[in-house]
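Each in structure tokens, the structures are laid out below.
Both of the next two complexes hold chain A, though its partner changes from chain B to chain C.
Up next, the complex of A and B:
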């Protein structure tokens, strides 16, 4: 069945989506974080009426605007790409997935785009209070938009609140609140937006640190650092907590992703969490190689994180692919059989229906429904197809976590030095703060790599593989659009960075 | 409230919402129209800056309307979304491209070190104005003329030559839409209408004698081609065979004068359409002859009414809104392409927010444009693109 779709088409469509998503995510975290920081600053200006706070607000607002524009530019394609490149997907789950996207537009984008004009152009045109509130509306709007798109993404990882309608051949929504409030959605939203606040905070701190190093705008820089460091510290602690919740969700709903995140091939009780590890190259499921060339594990911690029980069994790649009867884990080969049966009976059900043979139709429907939970496995060619790229997932995850803890430390040390008024003397620290800006971006992108590479080969967990989600396109068309996006986005990124650097070098006005 | 409505009633309600969003989008394309006129209207750098800044405060709203239009279409008629976007790939990609380059251009154009230079960004705006309007118009034209695609839901269960439910059946991938005379007539009508609205908006929001006079003069140059293409489009669709649906069997068949019949059979839509056309012309007349600055409101409201009516006759009254000329029975109707009763109900509750959103947009719009842009302001302010 799989042979009917050109795999190179799937790979190029996937590459294009990855490219556009990664580019978009270079700009979104800063928008999410900086919007709140600007709103805080704007509020202080509103309260105090001091010129210096106007200058501070204006400066960060300007950088926000440059970043926002390119975020919008790279965002529009993502929404429409579900249709242009994932046509099967958009019918198969459009009844559920389309709703959050529409709500995002109605509820969030209008709020953002209406008030952003007031925020930028409202100086001396609208009342000071309305102007300040506009900054808050922009922050709320951008964060609300993140909510809805993350709800949509979470639903793909943990499909709830729906059922499959065999007559329309698609999944249909049964309960809106189940989708909105699923633990995966809640944790994903909190983890993602709050981690973005770290990006915003470090951006402000790093640039301010650079000013102190250069001996410019000292008052401005200190005030900016204080606000951002407090914001960043709270955010970074919160991110660690929500990260733990997200990992628990993954363990429950996407055990294969967790196995890949940890490089765990053979499941075990009292499983340890890898603190540091180097994977054995070219390791395949069920071969004899040790998964690690070198590793340090923290005993019991993985079991505790995944199951909230140190004695619990955590399945590995091999258990999940080849089955583990002791732990009641079915083999993928069995699930593939179930899936094929489900697919076949979906077809038969519709054929019998057409013929008016209700009795046979009902029989087929029963078989279809009984096996629907394995529907997507019916499209697999071999059991090993359900294993994602382990090294990419593993290293991304561990690097992200390490960086997360590093950020907590950085914010604490920064606040300590600010409190003792020693920051300006600590040149090494100021340099470290500047170089921490790219680290936050890396951590943020790594998070998405864990989430999206780790869930392969699924578009919708267990129900729809990526290979079945594409549009009916020629590979060459997608190759051309891939190249178009790669070139255009790269040019725009270079332009954005150059504009930003110029503005940063010029510094805030009137201080 | 909504859960008691029939599925058909919800489908009709959502088609109305799509029509309203489409209507607002075409009105808001005064931004795109304006972008194509900068060179003709601006006498010097300051005038250029005034023009770009007055539409620059609105571009984001037009953009958001487009995104919401897409999102609402996805949520309410997902089969259209998967068939049209995945099928007419190139036409949509080109449209999207023109909006990507627009989104950065306002913010980047006058900033130092912007890599490509102000001229390039202003050219991006021009391209967006040209391609965005013509291609969106041509794509909507296919609602009346049809496209070559096939739909078979059972393909995902291995019941066909491929696994993909909606398939485009030609290699030009939507670009063929721009070669059809009816679609092209609509595309060019949208372009010239957007330019008319752009001119009226300049006249309304900028206090400058020279810009006002030049805009007024250009109103005439754009009204003539607009009328030619618009009347051609209307003439063509009213006389053509339309894609009708048998309400009992749901079979799609060709009906002579279908769209004319739709106007006659739903007189309210005909009245809305006629009022729309009259209002558009009134606005132009006010601007050109009476030298009024309020033409935009008449032509804007008229645009919305006329576009609304066109969407309604494309989808209501047992008509296929996205017909397939390749396989008539693959044609999409508001019934066979819509979301489930549950989803449409949930989304209908969300739609109750729309009046509230329109209210705050109107409020902020008013508070920002209380004072018109003039030469002195643009030369002294630091808050500009």
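Up next, the complex of A and C:
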């Protein structure tokens, strides 16, 4: 069944989407984070009226503008891909995906587009208060835009508030608020946008550190670092808390993803959390190999985080694939049978409807709906197909978490040195701060890899696998557009970096 | 009317008084949008279902067929 669409087409479509999403996400987090930092700086300028804060606000606003200009509309390419490469999926999700994206378009247009012009053109043209407020509206507008995209993504991870119409093959929204306020959506939004604030904060700190290293704009740099480090520290602590909530949600809704994140093959009570670990290469479900070549675990912590109970059972890959009757976990083989039954009765239902045989159609519909929760499993060839890439998910997750804690430490140490006016003497620290900028981007991208690779093979959890989501295109056409995107985005990225570096080297107006 | 004129002049002034870098950014934005909408969207990213010229009912049938046509009989 999985071979009905050429797997190389699926893989190329998937690679193309991953490429465009990863590139798009290089621009987004800085927009989300830097917009708020600029708004804070602008507010300080508004309240104090000091020229030095005007120069600080103008400089970071300029860098925000460069990133915004280069990144704007790169996300639209993802929407192109939905219509072209993922037509089965686009039709299947119906207005569940369309409504949030439409709201996002309207909000982005009215809030960002309107106020961004006031923000950049408004110096000495509009009242200082309105000008300052426009910076806040841009920040809020950018973050609200992200909300709707993340709600749509959260629905794919945890499809709630919808009903599948078997006659139109589309999902129909039953309850907008269930979709908007599902725990998956709330945690995903908070974790994602606040983690972006860390990118913005480290960007400001790293560039300011470079100025101090060069002995330029010291006052400007010190004040910028102070604002960004406070903002970054609050954000990084909040990210740890929302990360915990997200992991709890994953444990409830996507236990296979959690098992992959932890390299957990055999479920355990009092499960420990892997602090450091090296996975055994080529480990397969149900083989005799130890999952780890080396690992250090914190006892009971995984049970506590996943179930809020240190004694709780956390299922592993083998439990989820082959079933665990003691823990009431069904085997995938059973879910595959249910899924095939559901798919078969979807076909029969539509045939009986065409023939006008309402009685048989009603019977097929009942069987279809009874088994719909396992619909997507009907497309699997074998139970092991539901296991994502464990090494990629595991290492991405652990590296992301390690970087998250490193950022907390960096912000604390930075604040300590800035507060005591010792930062300019700590060359090693200044260099470390500069090189921490790419680390925040890496952590941010790793978060998406955990979220998206960890939920494979699903486009919509348990309902629609990736292999059934793609359009029947030629693989070569997807390969060509993949190459075109790679070139286009790389050129854009080079342009952004060059213009940014030019502006950074030019520096702010002297204070 | 006066308000509209003020807004219009605000934008015109803003664009006129941009720095060299800002002008460069606008050129990049316009080239990017041209590539995306006039080349990629038109020649490479046609809506797959629209390109089949199906009505809504036929689109549903097409997708249902895709989803169900090769399903193995359940055991």
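The rule is simple: the second predicted complex is superposed on the first by the 507 of 511 C-alpha atoms of A that agree within 3 Å, B and C clash if a C-alpha of one lies under 4 Å from a C-alpha of the other, contacts with A are read in each partner's own complex, and residues count from 1 in each chain.
Just so we're on the same page, a residue touches a chain if its C-beta (ideal position, glycine included) is under 8 Å from a C-beta of that chain, and two chains touch if they have at least 3 such contacts.
All figures in this text were calculated on a predicted structure; none of them were measured in a lab.
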Superposed partners chain B and chain C on chain A - clash or fit: clash
Contacts of A:184 with chain B and chain C, given as first, second, both or neither: neither
Which superposed partner A:130 touches (first chain B, second chain C, both, neither): first
Touched partner set for A:172, first chain B, second chain C, both or neither: first
Touched partner set for A:337, first chain B, second chain C, both or neither: second
Contacts of A:94 with chain B and chain C, given as first, second, both or neither: first
Partner, of chain C and chain B, that touches more residues belonging to chain A: B
Chain B versus chain C as contact partner of A:501, first or second or both or neither: first
First, second, both or neither for A:143, with chain B first and chain C second: neither
Partner chain in contact with A:107 - chain B first, chain C second, else both or neither: first
Partner chain(s) touched by A:120 [first = chain B, second = chain C, both, neither]: both
Chain C clash site on chain B (candidates 20-28, 218-226, 254-262 or 362-370): 362-370
Overlap of the chain B and chain C footprints on chain A, listed as residue numbers: 1, 4, 65-66, 69-70, 72-73, 76-77, 80, 83-85, 87-88, 90-92, 117, 120-122, 125-126, 168-170, 343-344, 346-347, 350, 468, 471-473, 477, 481, 484, 488, 492, 495, 499, 502-503
Chain A residues within the chain C interface of the complex: 1, 4, 62, 65-66, 69-70, 72-73, 76-77, 80-81, 83-85, 87-88, 90-92, 117, 120-122, 125-126, 166-170, 337, 340-341, 343-344, 346-347, 350, 378, 468, 471-473, 477, 480-481, 484, 488, 492, 495, 499, 502-503
Touch list for chain A against partner chain B, complex: 1, 4-5, 65-66, 68-70, 72-74, 76-77, 79-80, 82-92, 94-99, 101-107, 109-118, 120-123, 125-126, 130, 134, 165, 168-170, 172-174, 176, 343-344, 346-347, 350, 468, 470-474, 477, 481, 484, 488, 491-492, 494-496, 498-499, 501-503, 509
Chain B residues within the chain A interface of the complex: 57-58, 60-61, 63-64, 66-68, 70-72, 74-76, 78-79, 81-87, 89-90, 92-93, 96-97, 99-104, 106-108, 111-116, 153-154, 156-159, 161-168, 171, 173, 339-340, 342-343, 346-347, 350-351, 353-354, 357, 360-361, 364, 367-368, 370-371, 382-384
Touching residues (chain side chain C, partner chain A) in the complex: 10-11, 13-15, 17, 21-22, 24-26, 28-29, 32-33, 35-36, 40-41, 44-50, 56, 59-61, 63-64, 66-75
